[in-house]
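Structures for review follow.
There are two complexes below, and they share chain A, which is joined by chain B in the first and by chain C in the second.
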Partner chain A sequence: MDTQDLDGRGHPRRAARTPLRLLAAAGAAALTVTAGLATPLNPAPQQARAEEEGKKVLTVAVAQSVDSLSPFLATRLVSTSIHRLMYEYLTNYDPKDNHAIPGLATKWEPSADKLTWTYTIRSNSKWSDGKGATAEDAAWTFNKMMTDEGAATANGSFVANFRKVTAPSPTKLVIELKKPQATMAALDVPIVPKHVWENVDDFSKFNNDKTFPIVGNGPFVVTGYKADSFVRLKPNKSFWRGAPKFDELVFRYYKDQDAAVAALRKGEVSFVAGQPALTPAQAASLKGDKNIKVNDAPGRRFYALATNPGARAKNGDKFGDGHESLLNQKVRQALFMAVDRKTIIDKVFQGHAVEGEGYIPPRFSTYAWKPTDGQKLSYEPEKAAELLDQAGYKKNGDGKRVGKDGKPINYRVLCHATDPQDKAVGKYLEEWWGALGIGVTLNCLDNVTDPWLAGEYDLAFDGWSVNPDPDFVLSIHTCAALPATPKDTGATDNFICDKKYDDLYDKQLAEYDPAKRADLVKQLESRLYDTGYMNVMAYPNAVEAYRTDQIKSITTMPEAAGNIYGQDGYWSWWSATPAAADEASDDESSSTGVVIGIVAGVVVLAGAGVFFTMRRRATAEDRE
Partner chain B sequence: MTTGGEKTNGGPRTNGEPMTTETTARAAQASPRALARQRRRHSVARFWKQYRTHRAGLFGLAALALFGLIALTAPLTVGSDVQSVTNAPGRPLESPSAEFPLGTDQFGRSLLGLLVWGSRVSLLVGLLAAVLSVAIGALIGITAGHFRGWYATVMMRITDWFLVMPTLVLAIALATVMSRSLGTIILAIGVTTWPTTARLVRAQTLAVESRPYIERAKALGGGHWHIMSRHVLPNVMPLVLAQTTLIISSAILAEATLAFLGLGDPTVVSWGGLLQDAREAGAVSSGKWWYLVPPGIAIAVVALAFTLCGRAVESVLNPKLGVTR
Partner chain C sequence: MTAEATPSLVDKTDGPAEAGPSVRGPRARTTTAYLRYVAGKLGGAAVSLLAVLVTSFFLFRLIPGDPVKFMTGGRQVSAEQLASYRREFGLDLPLWQQFTGYCGKALTGDLGTSYQFRTPVIDKITEALPNTLLLTGTAFVLYTALGIVIGTRSAWRNGGAGDRLNTGLALTLYSIPSFWLGLLLIIVFSVGMGPIPGLFPTGGMESGNEEGFAYVLDVAHHLILPVITLVAVEYGQTLLVTRSALLDEMGSDYLTTARAKGLRDDLVRRRHAVPNAMLPTVTLIFINLGRTVAGVILVETVFSWPGLGGLFYQALSVPDLPLVQGLFFIFAAAVIVMNTLADLIYPLLDPRVGR
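On to the complex of A and B.
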């Protein structure tokens, strides 16, 4: 599911795991079309921004709207990525292998009873207004989230288990816990300056986008923002890890990926974010461009088909209208077995993805899990049909399987109208499940939130970005994440509530030994796989592209084969080095523009010629 | 689509007059039914004779016949298997070759086959939406012209409201709130394009109703229904027909636009839908022209053909426009 829209409703969601897809309104779609049509044909080659006044500007084409610049509210990938640049977190992830490394804290250790964590805060980190960043700021940030519900909107799940947070000295932060918590070295919470934020009245409404520059201590400082237009950042020269090398970083909005690609070809932007990923056709055509590098790396996201397990609330009330047959595990597994994941990789992703198995992408090797041979639900349509027969859903005279209510089964599949992959996979589902005798209605919406939260769907396309610490993506399938009443919004992904799963979840969260915890997480994934609630079909690659004549080098995460946009850290933009000015050459795309312009001109002239001849003939006939 | 029609506002329809005199002369010799049939045959023959003189109209008709034939015979020529993604014969986005004359789409399906199959939906939606639009327009136009008074005022203000609303925006809004299906698209186009027809038909109704024979009919006891159905409707019918032909082309364009904007039924193959698929596959920026150009040309040609036919019909039926070819 594209949970980011759920997130917009203001319930606790962890930041960087925001799903990747963008939801545009119909109006935006119209805009998109105009942009898509106008820009590629616009023959005027625009000057590369990097050359303006000798200033090195790194322009990134993005599509997703910023939900909020307040770290207490933001959950979308674009916003949380910007927060990584604006504010320092207690810890960071190593770009090479994702292990926790010092951020604002230089050292952290638990007490013997595992309930008290002591962090040593660095003394060389300064806010951009000159004041020093101290443990007091961190303590204030956490305390605010613990006491103010509005401030707990985005990252409240981190502090739910905190008993007390204090700052005995400017360099010492002490967090006391109610229960042991394994994620203490992976607290993805931006630390904000107390002296600026203590003046804020209502945290649930303050979006932090009125006064610029925004005071921060990260590698960049936000100096300007206009919704769906741009976010402008200047490097923080006094950043403790060293200042970034570009003079300016701009996230510019291109609601249409084709327009963004055209802008990249022309050198208007230096980087096209792979969110949504470049299509196989775009990636292939960009690969032929000598000044453009396509980064096609294993992604940190999974792409799944989630079943509605019968929506319910914590108070026991059932709601929604999911199909009763989906409550049967055999039916869910049969549906699983009738999906040819290999074909999806080959045809829909054209190789730009890895076949899905366990819940966590193989990129996070510590936690990635694969089903055993006996357990695996591979593509076997005949066996799927057998399972459905066993479950009591037999075919009628027309070859359609009939539900308990005597009507042919027809599943409503919730899909994102803005995501071409959903529609493409949906076409395959129609045929695969159609062969089983099950009807499929694709319900493609710009905004899937309402039917999703109301449980009014049978199956839905779902996807989450996974963090190096998988706690969050696991937590969204626990009973505790269900909404309190049918009217509330819970942190739950799709209403899964399974006792065995919950027990394992609690165990892994309290386990401090990394190897043992990884083992528990794998058991958890195994349980989730067996229930058949989540069919992970693919781990899509991050397919993104940048101009090598504007960006000389940039860090991917993980370094060997990783993504650039949407990292768990600020590595890519902080490390990016500009190419020398003379390397920036005019590429052939500007001449392509000219050629298109000339061709268009000739066509118009020819058309006008024909038109006038016909007009003259018409008048001649008129005179007769 | 409307410019030609507007000119007929309030103009007297002379083409009905000769018929009446001709038939009364022979009334004694044959039964009324046979007479009516004969009269219709005559007027059709006359219509065709005049229509034949419009070269553009003939061209449009030929193009329409061709597309109609393609659409109707599609189940025999390409078959519904052409839409199947699981049995797609080619590799994704192959360029045109002997095997796939127009290349393949992102699933490896033959684009020529999809183009042929898509013509069914595009034409069907265009026709049905135009019929719906003209039906609403004619109903409101005739009743508003006949009843006058507060009813007409209210109806015309509603018409004005729809007239000033940007059609596409309204259609997008409608298509967004309703479920995604062909019916929705037809409805969205139908209920947003009727106001021009309503205005035209109302003006014509007013002109017809001011004639003396309507007064005679009233004097003889003809009720509202009788007058509207027996006297007004036959007289506005030619106008309605011409308007339908013209609206079809804009309905086809609207259908393509809505499908292109992703508001159509994603599981149905249509020309606009093909363009949308092409855009989503990144065909624009990667230069896969064979994915974009054929459906675009097909939409343009069919819309042009309907417009040419509509213009020709209009100029035959309305002598005031007669000279243009």
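On to the complex of A and C.
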């Protein structure tokens, strides 16, 4: 081989230089192309924007993936909230106080024997394809759920007690029951258009997400959906209650809440869903922004400490390994009296919660209940110690309380590894109960379900979201909810089975007079409180935030102070009014942002390319 | 030279007839050896794939938690509904029957139906795979190129200010958690900070209302920050591997020879040193290439990128067995295929491999 050839001025050298030149050339080309594009690109969006000028878009940042857009399959909050917007339910809930109000039905009344309910269906509700919504659609929806296993997937429990559903006329729906059921004005089942859905083959696999717009009769119509990217809705102009005021409603995905908060601050989204609630740090960071309102509202959840009452099945078999001392009511009550709820609110929730008392959160004013002064288990550690002494669990020489087996008592507390609140409260329990002479082992797991259902715990952090009709959260503490055998799974929350409670539960379910039923529900809560099985520590707030320069007003639920995302009804998005001010400037900057952003990206790349070429050249010359 | 000369002397006695094979012999032998090598590697890959198929079935059944309980948790369900769920998912069958059903279906390319999304697993995967490949693929090309270019330069100027700066920077970025860096980039370059305007979108892959070429630009716009994050965190590895491999070669005699021939330093590096030092880097490249399919859970989460990483996380939390199995199989298969490819390429790069 000839050195001359390799050295440089011939073919090989040029070839050798090619990769770097290519890189530089590619960078430069990309830059030119983009710069060129920037000009022809600009007019197009501007035209488009001119057409869309003044188009008011309400963008909601959500994190939870849609499980299905079929109302027969969907169970997640994001999906069922969207179904509220797409379809009318028979009834809705008043945003002021959660009582049942007309939806697709204008009126509903039971027969004298309590077994037949007759609903009057409104005649002014139209499907978005122009056909009228009738009682026939409702009857078909319920009958489908009663006869097709696939269609019963999500909401089958609502029709479990139905004997027969018919539509004698387009405005009359008749539901016959097997036994009385007071929750007939709280059937949270979306009614679908029969003429569209009767063509579905397999309800267990049909996700309702291929053809748009999706025919519905709610305040919004879904016009587009891309998994984990967005759900797009436009207002239903012929909605019987009146059309929503925004021109478009978009649910956009932000899988990381800090990123969602950043998007809110920038104005890319109008609203950040508090699911889960914004952290105290996130809420605090937004407080200073004059265009952002943090909605720190009473939540619909309770946060409780559940005790294992001795797990058992309906057939009488006992299982699990809950501590024997917890079978003593005095012990359970003593434990709760050593829990300083005020500290939990102040330190763990940093003020974003309300101190817990009764089972149902105070925002459900009809059913919320408070213990009487004599009944209340206040924070009194000394009295707790006395109660434990009375119950026979006295301290030994080491200051530890001793169980019936002669061993020091140490409770295993089941906690959710993903929940920082569980861990923080757990640390306090170690301190508070430690002072009583009781040991605590925090058992924080990713999956608490297995030990929970096996009854292998002493206490557990527990919490449920409550519906306007409290039947479900009450039903999970009845003996009927216990598993059939230890091998089965029941609907029970933590194996409570109390005769007095069950009697009250049955009475309230058969009581059709709202005031009397509310009274019975309160008695139930009182009984549950006294047993000491479910000790409610707090009602965490729904902490969410929105931009006031994009949303002028929006209805919370309850109206006085309540949440916006995940309401029982469509009130928030239906009522939201756009802010009149300069939203357009935001749009403008985002369009220019695209161009500037891409150009900036390419400049960086091209710059890097040029830098390396220059460096290389410098080296080559230095060395030669 | 002498080794070859000796047999040729011996051959002489057997006449010219033997001369043919003795010339063609080594090449033919090499080809056969290579083919045997290839067959061995392909066979190994096939066995691995089969093992993955079997493992993925049993592995995820060890995760604590019952998918039916998870999916029905927090709402009113009757015992009949629970039973119907189990029947639908085939969870009421004995394990061996579930397993044979799974294998039979998998062999025909059917990975089952996702529990939580009620959609064929293959549809969920094909929906998210292009998104992941766009993100990780773009980042892969950039961090590999950047790693190799800076790595070779650092090694060549070993110990210099540039080397120290580059290695230090790469190590620092390599040890930064990707989600933290991503969040920082969002706060500074998406929201804007001080004089820096908010240039990039805060998350997602598209605005959702663009079409045609505007859509391509829109996606590119969304792509920049996540790609920068990935490149920043990943290029250090390639850099360090390339650098150390090249350093090993730098004392070699053949480089002195090349220099003695009068070659410019640049050419010595590019023509002689780098090709010989590439083997570890090629291994790393193929490992990284295999990993691109698995997505990057943290970066996908911070930037709300709708890819496979996020899907895998969601599938695991149920556990959505068919989806988890399907994804695990695809991830493992990608790594196996890429490793096999690397194995097949080694002998071409270094003839000593595979003999």
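Just so it is clear, the second predicted complex is superposed on the first by the 439 of 624 C-alpha atoms of A that agree within 3 Å, B and C clash if a C-alpha of one lies under 4 Å from a C-alpha of the other, contacts with A are read in each partner's own complex, and residues count from 1 in each chain.
Everything below uses one rule, namely that contacts are C-beta pairs under 8 Å (C-beta built on N, C-alpha and C of every residue); 3 or more make two chains touch, one makes a residue touch a chain.
In this text, all values refer to a predicted model and were calculated from it rather than measured experimentally.
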Review point. Touching A:Ala281, do we find chain B (first), chain C (second), both, or neither?
Key: first
Exercise for review: Answer with first, second, both or neither: which of chain B and chain C does A:Asn443 touch in the superposed model?
Suggested key: first
Point to revise | Partner chain in contact with A:Pro110 - chain B first, chain C second, else both or neither | key: neither
Practice item. Once the structures are superposed on A, label A:Pro486 by its partner contacts, choosing first (chain B), second (chain C), both or neither. Key: neither
**Study point:** Contact breadth on chain A, by residue count: chain C or chain B
**Key:** C
Exercise for review: Give one of first, second, both or neither to describe whether A:Glu430 is in contact with chain B, with chain C, with both, or with none.
Suggested key: first
Check your understanding: Regarding the shared-chain residue A:Gly224, is it in contact with chain B (first), chain C (second), both, or neither?
Key -> second
Practice item. Name the contact category of A:Val250: first (chain B only), second (chain C only), both, or neither. Key: second
Practice item. Based on the superposed arrangement, let me know which partner A:Pro180 touches: chain B (first), chain C (second), both, or neither? Key: neither
Review point. Is A:Ala262 contacted by the first partner chain B, the second partner chain C, both or neither?
Key: both
Review point. Taking the contacts chain A makes with chain B in one complex and with chain C in the other, which residues are shared?
Key: 37, 258, 262, 265, 446
Check your understanding: Which of the residues in chain A end up touching chain C in this complex?
Key -> 3, 6-8, 13, 16, 23, 37, 41, 44-45, 65, 67-68, 70, 73, 75, 149-150, 152-153, 156-158, 160, 204-205, 207, 224, 226-230, 232, 250, 252-256, 258-260, 262-263, 265-266, 268, 445-447, 449-450, 453, 464-465, 472, 475, 484, 488-491, 593-594, 596-598, 600-601, 612, 615-616, 619-620, 623-624
**Study point:** Residues on chain B engaged by chain A in the complex (per definition of touch)
**Key:** 84-86, 88, 92-93, 106-108, 168, 172-173, 176, 179-180, 260-263, 266-267, 277, 279-288, 323-325
Practice item. Can you check the complex and tell me which residues of chain A touch chain B? Key: 26-27, 29-30, 33, 36-37, 40, 257-258, 261-262, 265, 278-282, 284-286, 343, 347, 350, 415, 417-418, 420, 423-424, 426-428, 430-432, 442-444, 446, 618, 621-622
Exercise for review: Could you pull out which chain C residues touch chain A in their complex?
Suggested key: 63-66, 68-82, 84-85, 88, 113, 116-119, 124, 127-128, 145, 149, 153, 179, 183, 186-187, 190-192, 197-206, 208-209, 214, 217-218, 220-221, 224, 261-267, 270-271, 300-304, 306, 310, 314
